[in-house]
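See the structures that follow.
Same chain, two partners: chain A is paired with chain B first, then with chain C.
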Partner chain A sequence: MTNSMSNVEYLKGVIGQTYKVLETDVIDQYQVSFVVKQDDVLQVLVTLKNAGWIQMSYLSAIDWPDENKFEMVYILMNWERPVHVQVRTKIDRNDPVMPSIITIYPGAKYYERECHEFFGVKFPGNPDYEKQLILELWDDMPPLRKDFDPQAYSDRKFTKREYSEDYKVLSEEPSKKAKRETRKERAESLKGGPKS
Partner chain B sequence: MKSTKFTPARKLSKEEVDRKWWEIGDFFRRNSLWMLMYCTGCCAIELPPAMTSAYDMERLGMGPMATPRQADILLISGYLSVKSLRRVIYTYEQMGEPKYVVGLGSCPINGGIYHDSHAVINQLDQYLPVDTYVAGCMPNTESVMNGFVDLMEQIRNKTAKGWVKYQENNEWYKKNQKAALGEVDVHDEFHE
Partner chain C sequence: MKQMKLFLGPQHPGMHGNASVHLYVDGDIIKRSFLLPGMLHRGFEKGMERHSWVNNISLIPRVCVVEPDINEMAFAMGTEKLLGIVVPERAHWIRMIILELARLSIHLMAYGGLGGPTGNYTLMYHAHADRNSILDIFEQITGHRVYHQYIVTGGVRKDLPKGIEKDIHTFIDSLESRYEEYRDLGIENPSIVARIKDTIMLPESVVWELGVTGIGMRSAVGKPYDIRKVMPYARYDQVDFEVPTSDYSDARARIDCKLKEVIQSISIIRQCIEKMPLGPVRVPLGRGQSMRWTVPKGYVYSPVESSRGEFGYYMVSNGGTHPWRIGVRGASYPQGLLGIEKYMPGTRLDDAALWVDTMGVCSPEIDR
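Right, the complex of A and B next:
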């Protein structure tokens, strides 16, 4: 096993020579992020898997409503060379479609279902990406999009407890805070000058 | 002339006999409560000290139970998501009567810090009858124990009647459950 910085160099060699990387970000010696074109993603993942990044840790989306894009993030891990790789790509937000990667990483099946549920990204190639996983009988827009208003949904859907607005002072005694402050002032007043 | 040594008891009506048997039953029940802990929320972290030697729940005659059909108390520890609520309703309806519900923490009371979440219900007693609430985020172990003592007191005073309320107002509860959940029945890949 080589040291960690040369792992990053090795990784850059694996990816950079074959594919057009739009942006490379070396976060630290254990984390590297690549931004690639959408069409290249599956090829990049195959290459990385062959190079030893056999574990897919996570797959998710990030919502960028200002750019009108979703950013897909695939996080891979190699147990021989300890580097987490993030493969990122931006896809259209109005009609988000991303080819499924379950042929490369079968474990992605549930992550894709989750991503579809929370962001509405479609994954053709995954036979049950539309099945419900966490949200059951969901009846609104996908909830992790930035333009979803959870407060409004909660107000509409769930009964809120109502409290009466009238308050009264139950005890005439000063509050604990007031007592604490008086004690402190008294202690300050008793303090002598600096020790000589 | 009648003997003064022994006066035969007045014949009790059926209701009175029933009431007496219930009182006897309640005495034994409140001194031997079995809990089903629905530990989905963070308040469940208060249960290990309550159960183990620090506070020793066993001295109140309480113990954990594995299945709903053998338990007396359904303990909702912390927030309840919509998905969990479906399972909780399943569980509650499986329990034998009499059954009691204890809600821990502020989330079952009014939503707590999850009051604006799309996934967490705000008021548990709209969907299930709650006998005792223990407020706090999270409540400390003393107040958890105190909540159980309160429940025992309620059983003694015959005010822990949540399960009767659930029977009598079943339509109202079902209506609320439908409004929040859409459908109470669970349809997932493990139930089909």
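Right, the complex of A and C next:
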């Protein structure tokens, strides 16, 4: 194996010379992330594939509702120069379209299908990205978007069950009761995702 | 002749987990096939966003049912990378013991699973009996048999109990002594060899096309492409082990590599017990407010070598108490979905279960 730090330098050279990289982050000696423009992504992936990053490990999206963007992420791996590369780009959230990469990495076919199912990103070029994969008969917005609330969905979809409370604390010291209440409050505040 | 539609799974002895393979057969040759996932979808990725970082520790082992420890390791390594925590030395070695015991357990289960589609149930009983001994060891170390929640951010939950080294030695010695017996029962057994030799090929071009990792890739490419070797985590760079490879990529070669990995794992566990220093096993995450610890902003991908290949968590934090996004890269995603669609047609119907078995398809990590 070649020296690991020189691999990172090599990778930076491959990408940085040809394309405008908006942000480079060396996470450790085995991982680098690049943020590039949406139009450059396919070219960057082709360049990386020719430079030896022939395995696509992961493809997904991240939702940033405050910026009104989706962030696409591609993770590539080169086993000869062991560095994982994250290639990220931000795309419009209202009309999310990202060209398919199955001509470069055929293994991306099902990842793109899943990404469409969970985020609603369209992948023109992939023949069956619109088919359902995991969620059978799904009738709501793509569920991994941040504005999808699973609690509300399940309240709407399923009838509520009644639970009987069959115990009662008869006499309790006020300090103990206050403690119990705060504990309960704290536990409740952690439920159901981050509070802004 | 008219094509007929058949289902392999979700209720089938040769299927691992609740996934279904739809097969269109002509005679007994598969003409078209695809996997129907979704029966095991539990919404983990959304669930993780809705639980705080510390609560997730009890959620993540459930992602892959038979091999939970790799999830804990990937999660712990990812958060440690974001937080910049340095794990105590002893914790690294304990983690390696746990991970290698888990590898032994899953390899035994997968090798025993070979008995199902080939009709040799003796193999399965033997393998599961030995796996049970590993679960006993896990129970002693962690208190749980299957979902351990033992490898946590900052180290491991508690130190090894006294005298556990003796139990581990007893077990791995007995497993090693039975290694030849296992070979005779499985891949040297003529009735099984007839089913797995020269069939269910996985050539190198297919490996790179699909993105298959792990034993499938190593047996096709013939190079030691193992995360433990090329980008060592924990203390895998300080132990001496080989990565078994092969230059012929049929089903038998893959199972052969799997069995050779068992011997390597046994050797790693021995070295870990020998080299393990004394000391603390965990660094505390925060003062008293561990339920509210926050993780700094960042994007990190933390890969781990599972028994089926590269298994990774893609973690995004926005600096809060909850993860912003966690994506799970299941090791058998490529061969399970695209592989079944493109490369299962052409095999015989009775080899379909063997195909799924020897490619290492694990439906819980596909559905998540």
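To be clear about the criterion, the second predicted complex is superposed on the first by the 161 of 196 C-alpha atoms of A that agree within 3 Å, B and C clash if a C-alpha of one lies under 4 Å from a C-alpha of the other, contacts with A are read in each partner's own complex, and residues count from 1 in each chain.
The rule is short, and it goes like this: contacts are C-beta pairs under 8 Å (C-beta built on N, C-alpha and C of every residue); 3 or more make two chains touch, one makes a residue touch a chain.
Note that the coordinates shown come from a computational prediction; the quantities given were computed from them, not determined experimentally.
Q: Given the touch rule stated above, what does A:K131 touch, chain B (first), chain C (second), both, or neither?
A: first
Q: Pick one for A:I91: touches chain B only (first), chain C only (second), both, or neither.
A: Touch partners of A:I91: none, neither chain B nor chain C.
Q: Using the superposition on chain A described above, determine whether A:F158 touches chain B (first), chain C (second), both, or neither.
A: first
Q: Tell me which of chain B and chain C touches more residues of chain A.
A: Residues of chain A touched, chain B against chain C: more for C.
Q: For A:V26, is the partner it touches chain B (first), chain C (second), both, or none of the two (neither)?
A: So A:V26 meets neither chain B nor chain C here.
Q: First (chain B), second (chain C), both or neither: which does A:L42 touch?
A: In the superposition, A:L42 touches no partner, neither chain B nor chain C.
Q: According to the stated criteria, A:S57 is in contact with first (chain B), second (chain C), both, or neither; which is it?
A: A:S57: touches chain C, not chain B.
Q: Kindly classify A:P150 by the partners it touches after superposition: chain B alone (first), chain C alone (second), both, or neither?
A: Touch partners of A:P150: chain B and chain C.
Q: One more residue to check, A:I104. First (chain B), second (chain C), both or neither?
A: Neither partner.
Q: Which chain A residues are contacted by chain C in one complex and by chain B in the other?
A: Comparing the two interfaces on chain A, one with chain B and one with chain C, the shared residues are 134-136, 143, 148, 150.
Q: List the residues on chain B that touch chain A in their complex, please.
A: Chain B reaches chain A through residues 82-83, 86, 109-111, 115-123, 126, 176, 179-183, 186-189.
Q: Sort out for me which residues of chain A touch chain C in the complex.
A: Residue list for chain A touching chain C: 1, 4, 25, 27-28, 30-31, 33, 54-58, 60, 62-63, 73, 75, 77, 79, 82, 84, 86, 88, 105-107, 109-111, 118, 133-136, 143-144, 148, 150, 186, 190-194.
Q: What residues of chain A sit close enough to touch chain B in their complex?
A: Checking each residue of chain A against chain B gives 131-132, 134-137, 139-140, 143, 148, 150-151, 153-154, 157-161.
Q: Considering only the defined contacts, which chain C positions touch chain A in the complex?
A: 37-38, 41, 43, 45-46, 49-52, 55, 81, 208-211, 213, 223, 225, 230-231, 291, 298-301, 303, 310, 312, 314, 316, 320-322, 324-325, 327, 329, 333-334, 337-338, 367
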